[in-house]
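Below are structures written as structure tokens.
Shared between the two complexes below is subunit A, which has subunit B as its partner in the first and subunit C in the second.
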Partner chain A sequence: MRSPLVPEMATQEVQLNETLSHLKTESETLKTKLEEERAKLHDVELHQVAEKVDGLGQFVMKTRRTLKGHGNKVLCMDWCKDKRRIVSSSQDGKVIVWDAFTTNKEHAVTMPCTWVMACAYAPSGCAVACGGLDNKCSVYPLSLDKNENLAAKKKSVAMHTNYLSACSFTNSDMQILTSSGDGTCALWDVESGQLLQSFHGHAADVLCLDLAPSETGNTFVSGGCDKKANVWDMRSGQCIQSFETHESDINSVRYYPSGDAFASGSDDATCRLYDLRADREVAIYSKESIIFGVSSVDFSLSGRLLFGGYNDYTINVWDVLKGTRVSILFGHENRVSTLRVSPDGTAFCSGSWDHTLRVWA
Partner chain B sequence: MSNSSFASSSLVIAQKAVKQLRLEASVRRIKVSQAAAELKTFCLQNAHKDPLLTGVPSSDNPFRPPKSCVLL
Partner chain C sequence: MTIRTVRPNRVQHFRPRTHCFKKLEAMVVEMQDPNSGVKGSEQKLNVNTIPHVITGEDVIAWITTKMKTTPEEVQAFGTMLVAYGYIYPLQNHKKLVMCNDTSLYRFQTPYFWPTQNWVAEDSDYAIYLAKRNIRKKGMLEPYEQAHYNHLHDWLNHKWDFIVMQATEQYRAGKERKKPDRVVFDCQERAYWIVNRPPPRTHSAMDTGPERLIDPTADEKITFDAYRRMNLFYQQAIMRSKVKSSVSLGALAKYVTTYKNHDPFLAPCLPSNPWQTDNDTYWTYNMRRVDVPTKMRVERWSFSLFELLSDLRGRDDFKVFLKKEFSGENLAFWEAAEELKWGTASSMPSKAETIFKTFLVPGAPRWINIDGRTMGLTVKGLDHPHRYVLEAAQTHVFLLMKKDTFFRYLKSPVYKDSQKKALNPESHSFSPAQLEQNAQNRSPGIHPIILWQQEEEEKAKAAVASAPVDIKAMMSKIDRKK
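Let's look at the complex of A and B:
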């Protein structure tokens, strides 16, 4: 004999399923509406607006310094605000601070894990942050005493439940923003290690992040394996804009210097430009001959040039306004994994799986 | 997981998705023509300050080797 409770549970289940399908329909309707609203304002292409702008001449950019010393793939690098020091991290667990002018190594730390996928210089120049397969982000104060064991002063700041993919200090040494394979980003207080805000919304590993230029306010952009680039409000933890036009993982995101747009680089072999006020993709930087993924992107100071490091060992330089490639740089002997323009825009540095870093100007 | 608890957690997820989409739909947008014009203006106004774009003389760029002096 059937229990009298069974029909009631069955009704509840049916109601839940109906509400669920109603919500799914609403979801689809909203998505379509979003695309329609965005499309209405798509009255022109960026390169059309830039038709009358003078084309760029020939670029002569060469490797001016080669930094050798890592024993394995270089995974990440960052510039110090002093425009000459660089921190880099590698698959072999080493984090090295270099003087890029002289190519001397100033500090070296061995992390307890391999694959140190993220590193960042503190704004003061007095510390570096790094992490990777240890799922943490740790801060090392840099000592003036070269003999001092940096590892002894290490401070564990962030704890994720999967690998650390990227980290960045905010505009002070006091807070760090992290992204992780656990699908979240998080903001941490360095001194206490306290979690200040977490950012949920990516459906898969988050691979990269970039903070908006300080004049623009408290937002940052992240990119992930879900092919989405999300813009976040740092105070509320809210995702305020989301872009899903890439066809594969987004490996790198970088704000345009004005803060009104950002570029992304993806495994789909394209770089794209998204304008935040038009709320849409406004340019794609691609060529049929480029079939390897982009690992990292950065803008020159004026935003006119976009540098992309690729898995085919090259660096492509794009005219951001016209959408054309202006230069292709050879030199690395394996994938380019990381790329940053120096703080004063006089040079850029690339790191590679060939164990070296190169400074180009 | 029983059928009903699976359905109710899917419900929470679906509710969040709808809420997020409503938020994104409410964003104020400007036309691409206006946005693009402003990107272009920014580039052009800052072009002269962009060393990688304009190229700086080797003597000013710490990374470029200075040209050697020829003593006559």
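Let's look at the complex of A and C:
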């Protein structure tokens, strides 16, 4: 390196530092301006709107089915569109497809890795996807023949550089959306394994995702260990909205049935509701007595109830509009790790580290 | 073969679910307050007298008063205190639950509290097991013996050090007074049950895979990152937002609209299959029923999205459109959906078919969209990508939503569906009948079979609605002549 360059580089570095601090101030100004814009439209609170809505009656929710068969912690589950079958995955690498109505096990696959943290049922009901510590998402076509070895037809679709935390099919069996501990989400073409779009923006592990139930179906929300919930445009890969109000990891995100809002559950023991059109957080579901984190959340069909599975082995049911807790359900003997409402809203299923799944109605 | 990821070697371990530690510690400190905390007493256990022993029911009573909630909820909270290792049971020490009775517990010494900063290392565990082995051979339980053997293998290079530490600790232990030694042994045993739980013990420190990135470390924000952030903020400020009264009002309205359709809020007719073990509700609501239920038909009227999402509703809509000779919009929308969600390899051929069928001037099912959108779409089809039809599809959907949908709802087709719709009586099963139902749960039809049926029907429908090729027909007639 020629020595005359060195003093030039030194001045460049000084210029860079000045511009960096300049950018930082600009960033803070912009952030304040965004908050101001949001505040201008903040003309009413959710519980005020909820005053006009009838209160809820008493609920009797019981365990209607207990699915025993996993030899280890149940980590994830998903419903089939037929409203009665589910797929579940566990720590020991087993993925089981059940007819939850009859409690029969229909298929079982042993993955070559432990901690299968994500699983999903294909919209057609003909395949399941799963993955975890193997950093991949694989698709297994299901078969009517009970003796067929499903692992033989396995297709590797997604490849991340770290653990797979969540996966979901889009509106067809042909595309899968994944999120990973490597901080990214990605959209894949199942047939070819091609990466269609990647989504960068989280500063830490991404733990969960959910696709928007809208007529355009072009957005999804993801939550991560950086305490942020990001809304993404699937076409461009851009983050279009971001919310950072949680105090710890966001373990679960789920859209409100209308697609105009979403709920999140976090290790800070709160569930929160975010309004996408007003671009802000509109409700916090918490209690002094609840201090253990939420692992997963889901809405009932009308969006009136929010079910949350918690790390203290309980399930809390919240009135979304009024912000109060409606019911607390006991039964699991270890943390509730996954919770999904069935496609027609007739029941919800919770999976737990106590090796069982329970269907409640 | 088990695949394990290669994780970076970090001094810190970022375990999940540790956000509750601060509040838990504060609570535990309060519980041990000599004046206002939980009252402890001395208990004789075997030969020894152990100080500061508390009962489960005292703990639960104290927390119930403090938190002002129900004993069941408090019991769950108490179980978590035991599962995390802040309180440990003296009897039945492998079951980490809080029992609301005279079961005996003790507060764990802060040295053994769980923290984010200090992980229970394998070498520490090896020292603990070795120490127990020194004290009395054959004292280890089978699961501990298995751990010991495994650690002996992979920590073999450190084994001399481990044995040395174990011997030192054993000697130091012998010099303590017997009561103190007993208490310390209890504490240490409790710590290891929480951090290396025996089979069938549920411990909260059994955390699973760790987080990769330190969530508490300050993000080093680079020049580019600031630029991107600022761009994002600018776009966010520019984006149109809606007043809360409007958007929250819409959320409340959605709830009210769907209230009677939510099985948790209003009863399913005839009955919820999960509650009565009778799946008639599902049979009535299958994809291809001749007569849909009243609730289903009502739901179609909520929005075009609902109508199209329910394939039975879509069929009904198609019947209406056929009568109006305006089926091409929906056909285009369906074809565009298939393009968007189809395989990457099928895109070029699908795009071409769509162009020939719907967009080219004089096409058999030409859709009537504005010139600008048509121009953009046709241009985009030169290099077709997944979202090339987005603009056209949105335009067509809005057309249907604002005009066709409302005409459908007023049409004889829809009114006919409403009139003929099934309104099942609510089931009322006696307990004996419910028992019977539970024995005879129907297996239903496998989704794979339903899917195959659906594909067959779709193929038939495609053939039936394919535009007639006039020229081919004419040449056939000519040849016959």
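We adopt the following convention: the second predicted complex is superposed on the first by the 356 of 361 C-alpha atoms of A that agree within 3 Å, B and C clash if a C-alpha of one lies under 4 Å from a C-alpha of the other, contacts with A are read in each partner's own complex, and residues count from 1 in each chain.
Please note the rule applied: a residue touches a chain if its C-beta (ideal position, glycine included) is under 8 Å from a C-beta of that chain, and two chains touch if they have at least 3 such contacts.
The shown structure was predicted, so the numbers you read here are calculated from the model rather than taken from an experiment.
Shared-chain residue A:V53: touches subunit B and subunit C both. In the superposition on chain A, A:N72 makes contact with neither subunit B nor subunit C. Applying the stated contact rule after C-alpha superposition, one finds that A:C126 touches subunit C and leaves subunit B untouched.
In the superposed model, A:T219 makes contact with neither subunit B nor subunit C.
Of the two partner chains placed around the shared chain by superposition, subunit C is the only one that A:F330 touches, whereas subunit B remains out of contact. Looking at the shared chain after the overlay, A:T245 reaches neither subunit B nor subunit C. Taking subunit A as the reference, the larger set of touched residues comes from C, when subunit B and subunit C are compared.
Contacts of subunit A with subunit B, set against its contacts with subunit C after fitting on chain A, overlap at residues 16, 19-20, 23-24, 26-27, 30-31, 33-34, 37-38, 41-46, 49-50, 53, 56, 61, 64-65, 84, 101, 239-242, 256-258, 260-261, 275, 277-280, 282, 300-305, 320-321, 344-347, 359, 361.
The part of subunit C that touches subunit A in the complex is made up of residues 1-5, 16-20, 23-24, 67-69, 72-74, 76-77, 79-80, 202, 204, 206, 208-209, 211-215, 219, 221, 223, 226-227, 229-230, 232-237, 239, 241-252, 254-259, 261-265, 268, 272-275, 279, 281-282, 285, 304-305, 308, 337, 340-345, 386-387, 390, 394, 397, 441, 443-444, 446-451.
Contact residues on subunit A toward subunit B in their complex (touch as defined above): 9, 12-13, 16-17, 19-20, 23-24, 26-27, 30-31, 33-34, 37-38, 41-46, 49-50, 53, 56, 60-61, 64-65, 84, 100-101, 201, 238-242, 256-258, 260-261, 275, 277-280, 282, 300-305, 320-321, 341, 344-348, 359, 361. Remark: subunit B residues 3-4, 7-8, 10-11, 14-15, 17-18, 20-25, 27, 29-40, 42-47, 49-53, 55-56, 61-65 touch subunit A in the complex.
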